[in-house]
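There's a structure below that I have some questions on.
In this document, chain identifiers A, B and C correspond to the written order of the chains, with residue numbering beginning at 1 in each.
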């Protein structure tokens, strides 16, 4: 099944070892960004080159891979990455969260609670949570070293002052293990609580920025907030039009050009499971 | 009582230029000292070295904290020095761009030091920011505006509010009124004067404006070619200058 | 001697003008003067004799070259000639009052605050300091509507009264008065004479320059002549 023209999982073994070393270091220092020698991948930056390299480095022949983009298994990006690994590694692929051992994702964490032994691989466009606040990377490194995150707090202050409650809907920064400020990649704030004390291992890869970071299982992950403006995950106040869920994260879909719209689960696997369960119950 | 800050035998050379040549200076709690001199006299370098922003090649800077412990400023670890700088000290830059975050609102600028000190209550931070805007004669209703919306004089006042909100014991100022219109300068000087007296701050400031030095300072230090050529009571240095250079400096002002 | 309020001896002061080729001329040589608590001494002598220079040396505004200027500060006799800036500032706050000829105007600060400042420096609460300041300004007939205004806009006489009030509001054991009545009308001159008498009565020593011979005759217990150096030589 594996394309014989490629090494297993595309990357050469030396590169995988280099990335695994970075991963081990990242796991040892939760939330801390580790530089790595990102390779050119057969797809453009912004399409998940960081995530793909991480996945390629940890993938074994017995793994079952799931790839989602904005929660969906059937978007172009998810489909091509899944197909890519099927071709170069010959591994099993799935759309079922429960069956997957590795889940590569862009922008979401599945609704179904993750379990021990599962690994999430996040595609990260910008790993530096202080990026918009302090443009000098040498200075952001120093701020991380000193644990000086007042700037991020200032950003949060500005968000509340300008937009009132809610603040950033995506990429809401988190404190990992009470030490490092981390960008959870552009997942919605709704998913932030899923990072906290998760039984699964969370790996983050940024290809263009050449950084890897990680949250080991059962690690404290706390969203930045103010005492009088506690962090609150938000979801659209609707039920899913397809499965009726009132707890899942919803996508808003514009259905016509007259303002018609509907809300459906962003997690397609979760939605399908719900629908099946409903049918079974009927 | 001990000085709040002591520079001891400070020396610093830039290639062929002696920016600081064996300079010693003590600042006492509640004392306002002006460092005057022309461009290139080393006055700004001295300020930066005393404020921990530039390291001397010889000599040391001792800060006596509120508990009376002496800390060698340049021997501190960076984390400790940064903590010191934003808890016990303030620095007002000549250019507001160096002292403010231009992309952050006035309230956020003032609140940053509170947040750095662990402030995590949004409402309290805003209350403090509003209070300090009023104290520096700015309209608290404008606290969500960015600094670029404010005039030069207001930006300087905002910088002062940002420094003072954490109630530092020691404030450094580098030409705080430089580049401002004369009428704006007078207002700013007066504001600084009253805040300094009210809060009992120790202030070390650099200026080439003799009038500002007379108005604000208890003591004046005259620098030339990297050395202190004269120092003493502000009015005595200006009314009875001894060193030829001080006489020239004072005469130049009176002639202007 | 323990009952001295001020003891000046062997005092020399010379000015060197570096901008004029270093020309140097003496103004005081071997000057001596003693003041006891409760007495007022008037400096006399032709203009240019060095009365003001002597006064400014005692005030710390000029630095003397040699000799001593001892005054009572915190229970001991302290020499101003060798005092550093910090000690001098402490002495000015607690032990040495000075009414100069002209008020050094601070922009935007109201007259009331200017007058209350010496009390504030001594730690008197604002309300109490300002009440005392207001009472003294009222006694010097400065209308209350002016109390809240900065003296920069005042007439010469009004500024001088602010200056006097600032000098008398805190009770210094030694006071220097440089032409305190120069620009005052007869009514206010009487107030100043009364203030000097009250200060003496509470034991303050006063050294003054009074060009107004009538005022001088009424307040001074003794005259001290300052002679130009040519004459003295």
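We take it that a contact is a pair of C-beta atoms (placed from the backbone, for glycine too) under 8 Å apart; a residue touches a chain by one contact, two chains touch by 3 or more.
Quantities reported herein were computed from a predicted structural model and do not represent experimental measurements.
When the mean CA coordinate of each chain is compared with the mean CA coordinate of the whole protein, which chain is closest?
B
Which chain is most remote from chain B in terms of Cα centres?
A
Based only on mean CA positions, could you tell me how far chain A sits from chain B in angstrom?
Centres of chain A and chain B (C-alpha means) sit 46 Å apart.
In whole angstrom, how far does the Cα centroid of chain B sit from the Cα centroid of chain C?
Computed from C-alpha means, the inter-chain centre distance equals 32 Å.
Report the inter-centroid distance (CA atoms only) between chain A and chain C in whole Å.
77
Could you pull out the residues of chain A that touch at least 2 other chains?
none
Where in chain B do residues touch at least two different other chains?
Residues of chain B never touch two or more of the other chains.
Quick one: in the complex, what on chain B touches chain C?
Those residues of chain B that touch chain C are 28, 31, 186-187, 189-190, 193-194, 197, 215, 218-219, 231-233, 235-236, 239-240, 242-244, 247-248, 251.
Of all residues in chain A, which touch chain B in the complex?
142, 146-148, 150-151, 153-154, 157-158, 160-162, 225-229
If you look only at chain C, which of its residues touch chain B in the complex?
Residues 16-19, 56, 60-63, 85-86, 88-89, 106-109, 120.
Mind listing the chain B positions that touch chain A in their complex?
These residues of chain B touch chain A: 78-79, 82, 101, 104-105, 107-108, 111-113, 115-116, 120-126, 144.
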